[in-house]
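Order as written gives the chain letters A, B, C, D, E and F; numbering starts at 1 within each chain.
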Amino acid sequence: MEIIGGVARFQGDVFPGQRDLFQGLARNGQSPKTLMISCADSRVVPELITQSAPGELFVCRNAGNIVPPFAMKNGGVSSAVEYAVVALGVSDIIICGHSDCGAMKAFFTPEALDTMPNVKAWLAHAEPAHEVVRTCYGHLDQNEQVQAMVLENVAIQLVHLQNHPSVAAGLAAGKLNLHGWFFDIETGTIKALDANGEFRDADDVDNIPVAVPARQRSTSRITKAA
Amino acid sequence: MEIIGGVARFQGDVFPGQRDLFQGLARNGQSPKTLMISCADSRVVPELITQSAPGELFVCRNAGNIVPPFAMKNGGVSSAVEYAVVALGVSDIIICGHSDCGAMKAFFTPEALDTMPNVKAWLAHAEPAHEVVRTCYGHLDQNEQVQAMVLENVAIQLVHLQNHPSVAAGLAAGKLNLHGWFFDIETGTIKALDANGEFRDADDVDNIPVAVPARQRSTSRITKAA
Amino acid sequence: MEIIGGVARFQGDVFPGQRDLFQGLARNGQSPKTLMISCADSRVVPELITQSAPGELFVCRNAGNIVPPFAMKNGGVSSAVEYAVVALGVSDIIICGHSDCGAMKAFFTPEALDTMPNVKAWLAHAEPAHEVVRTCYGHLDQNEQVQAMVLENVAIQLVHLQNHPSVAAGLAAGKLNLHGWFFDIETGTIKALDANGEFRDADDVDNIPVAVPARQRSTSRITKAA
Amino acid sequence: MEIIGGVARFQGDVFPGQRDLFQGLARNGQSPKTLMISCADSRVVPELITQSAPGELFVCRNAGNIVPPFAMKNGGVSSAVEYAVVALGVSDIIICGHSDCGAMKAFFTPEALDTMPNVKAWLAHAEPAHEVVRTCYGHLDQNEQVQAMVLENVAIQLVHLQNHPSVAAGLAAGKLNLHGWFFDIETGTIKALDANGEFRDADDVDNIPVAVPARQRSTSRITKAA
Amino acid sequence: MEIIGGVARFQGDVFPGQRDLFQGLARNGQSPKTLMISCADSRVVPELITQSAPGELFVCRNAGNIVPPFAMKNGGVSSAVEYAVVALGVSDIIICGHSDCGAMKAFFTPEALDTMPNVKAWLAHAEPAHEVVRTCYGHLDQNEQVQAMVLENVAIQLVHLQNHPSVAAGLAAGKLNLHGWFFDIETGTIKALDANGEFRDADDVDNIPVAVPARQRSTSRITKAA
Amino acid sequence: MEIIGGVARFQGDVFPGQRDLFQGLARNGQSPKTLMISCADSRVVPELITQSAPGELFVCRNAGNIVPPFAMKNGGVSSAVEYAVVALGVSDIIICGHSDCGAMKAFFTPEALDTMPNVKAWLAHAEPAHEVVRTCYGHLDQNEQVQAMVLENVAIQLVHLQNHPSVAAGLAAGKLNLHGWFFDIETGTIKALDANGEFRDADDVDNIPVAVPARQRSTSRITKAA
């Protein structure tokens, strides 16, 4: 396994220069501010594209950067979200899709899923995005439809996120923001979903579009309604 | 969100030097040889500790580096395993636990899970490891019990892996090896489980312990039994 | 059973005057334009408060006017939503909560649920609303908290609705609107959630607040993002 | 949405005449004696065909008037049954099927369900009725088979009801009766299942057939058996 | 393991005398007429108490002789029932409870189940029987209540059986009878549930009580109802 | 039902000679040392082939001698395993497959499962074995492939067993052994899986192959790894 050489290089060449960082992290525990949910794809490395050091990014990765709804109570993604918000108190959650995503392309070659029943079942959580593509983008060519699928999938996973109790409460308390990103492998650029449903450039440090911004509840919501 | 500065740095400073790599990966798709299943913990960066470049490591991360059994047919981990083996044809799967793991420590403060029902449900997949710790390591102090929990958890997730059809078939065809690793944050070292159930140093490039080596079936297994 | 007298009255006194309507509905089938999801509470009669005739309102009623997420694939509510949108082509879905709701009040006397395991499990679908109430409205008195629970529950069920593929596609195609209503038993008034998250009077015939209005996708969403 | 006009009519014209009733119901809560489980079909209005006033009928409606078994612990129907029996103490539960039921007709055009996966999954709870129709009524024409499906479905849902603990206990305590009804849209008539498995007219106020009458356990059942 | 001596005795002493029987069964396959569902308890040996030879009794055994409802689609009992009725065409299904059943006694010492989560979950399928016992037999002493639990459990599992499509169809086609038995370990006697809900002696060869006798549907059921 | 004659014979002819045994078992309860998980097939009688008396063998039988993984928390097999290990303290668990198994043969005629959805779902737990057969034994004839399926199925169910907490703990505590057997109907012989994955004769009383022998954990496993 070639990877073993890399482990030796890490231990011999890289770790010595980061020893203080790792020892501090071992002593003090982690306190990341951001949860990133991205694809398992080997070309999308969260810490690389955000230039995050060890300790800065809590990361959940799965095929298709999917977030099942809260009600399916034994999932790895749901528990990562819950742990990040409740135990670690992160202030931001990013769902990051990407170009050329094998999981999203699978919707256009469903027969390939016959030998992958788990993948097929898992992708059902992206079915609402697929239905939107079928309904609204049927006139596009297949590459564009894949692209549409990736983007609509980011949007629907943001809907799923909002039904997790910890996320709903974080948003309502004004302490949590939700982000929907698209990473383009070929150009290295990131686009971010804004509150109007458009994907826009995210390279301005001070003005990144936010898909679902925190919005603190006011009591008047209740008293006026009653 | 501080992370945005990192995105800008990636696009401005880092990507230009890797443009050829990324464009090749965009054009040719990914062909990683290894699936790494590790914890969502921000201190355990798979590509860093294996010094892997983009395109080399298919990565699934969740709280506690857990692999639910195949029968729970809609999981993110199961589908990542299936995709890696069936669609990508990886030759190695690594389950990588780590020191000071919050998920494993949660077994020793179960009341903390009252506000995290999803995490609680998710950790049930590590319950066999916990039962082993309760039964066999009750005389150790709590730090040692956490350590035992991390190691036994790696072992039980390797059991889970073997009940996935694609993994069972890969092992029986002699094409897939399963690894159980332990990463120590403080020292940067990795230990690997061997076939006798012991965790040993993994720093020898040519002789890494393998937890469940591929073993090709021979027809004699059947004919002699009949 | 007293109700039998009512059946006789219906057949003897009421049906003769509606015979033509019923025979037309038997001959031509139903074609309602609206799905109403409301509580099983005996005091909230959908056809009464909307003055709908037989044939006009497709109705799903359960304790707490709840909509589980799509992924729980065998539910009565999910199938009613799907049937209404796909088979009947309704243009509007109303989720209607109400004052003094026993299901919502159960969140404040959880011990009462010990003898009702199914109710307890069912109400988990309103847990995000409860978490919002706990986090943001803890300073209110219990009556106000119940009221908050009813309103926040309507909001979270609208989130659930949006992850049903047929609903997501209907919204994106510009053909479906989602409504969140609150019915006050004592005053007979209805408030409707607007797109800004406020409940407002719904008595203006031409200008009813809509919680999630249809919004047709344009191709530019995709092409500009790419 | 046309329905808004109806809301205004209710508030302006109807509610004033029922203000006392509604204010009493708001003050005293609900105390219905009957739970009615009927189809979501817009032509079958429970309060109309039983001439029930607000506060008299606890109502659960779903596509096909289905009652999943107790073991599927997160269902809307199961929780409505449990709430009605345990919290409200109803004395009668009616399962009401009807002619021309779209859900029951779907069994005869299964390809129509390809675009409605939730409906398909939901209708599995009526599969025993379908199997009876396939086995015993194959010689009838399709209209008769649909009719058979509706009736057998009422019967099987009564079987499901009896496996809910609260219902089983209510029957054994002599406090609960179960009814199986068939409503004919064209004629406005209701037939009720009797204990011999026949559907008979229900228009006699004093002598309505009961499908599963309460039957109090006597101790002798146990002592004689032992 | 002592049992190995038994295997040797079987091969050396017993099999030679049954060689023809076994070779016939190997050649012709099995064609049992009866499915027996009984407890895993080591004291209740189905073939012994019915004096059945190899090939005569299809047997499903689990803790508490339980039959989950059909809807829980991946169960070992449900599949045994289905295989017995559809593939083997058995004419009789017996659910056999027994005295001193550890599974039924567990309902009276629920804390013992804290270390057995699977048993606890499994026994939920007997909860309706327990609810009947709590409601109707609270005045009996604990031994009698256990006895009541065993008997009521047989009754409720017969309800579950009837919601399996193959069983419902077999009953309606007049080809299948359902039996509820109680085996008393101390006396070796069997009582059988009759159609009136009483357990009676089963020792009369010609007149065994049948709990749910086959009853063939007649077309008149449908045509008269319509 | 012919079987009734057998019951009478048991009570009249057989029980009197075993009265003392049964009365002792009624008085003292059961204390079997072995759990046997075998097929429901009428030709495989566990007590016969092991020559076990009442009280000696705790028995779980289902179609295909299958053990679902622990995580599927409501299964009859899982609860039998748990009850046997935790409540009864058995020292050995045997999974016993057999020749000519209808459940295993069903993998080669999948269309036969169209009318048996529960069997189909249940057999998914043997899918890893089937995948091994497809991958490694495709060159064998069908009889040999069925034989391979039976043997590989025993092996995979042993994997499943090891993920049950009580089993994992029993193995690690050195108190539990797991056996994988194959019973040949025609010859009456039993082969047992050894730790190297080969099925060997089991007729030597002192030297039966054990598939997964107990192996007590030593503290050094943890301390050396840390």
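Heads up, the rule we're going with is that a residue touches a chain if its C-beta (ideal position, glycine included) is under 8 Å from a C-beta of that chain, and two chains touch if they have at least 3 such contacts.
All of these numbers come straight from a predicted model, not from anything done at the bench.
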Going only through chains that touch each other, what is the minimum step count from chain A to chain D?
2
Maximum centroid distance from chain E, chain identifier (CA atoms):
A
Remotest chain, chain B as reference, centres from CA atoms
D
Distance from chain F to chain A - Cα centre to Cα centre, in angstrom:
44
Centroid distance [mean C-alpha coordinates] between chain D and chain B, Å
50
Whole-Å gap separating chain A and chain C, where each centre is the average of the chain's CA atoms
31
Touching two or more other chains, which residues of chain C qualify?
68, 70-72, 74, 124-125, 164
Which residues of chain E touch chain F in their complex?
1-11, 14-15, 18-19, 22-23, 25-27, 29-30, 32-34, 40-45, 47-52, 54-63, 66, 68, 70, 72-84, 86-87, 91-92, 94, 99-100, 102-103, 112, 115-119, 121-125, 164, 177, 179, 185-186, 188-190, 202-203, 205, 208
Residues of chain B that touch chain F when the two form their complex
68-72, 124-125, 127-132, 134-137, 139-140, 144, 147-148, 151-152, 156, 159-160, 162-169, 172-173, 182, 184, 191, 197-199, 215-217, 219, 221-226
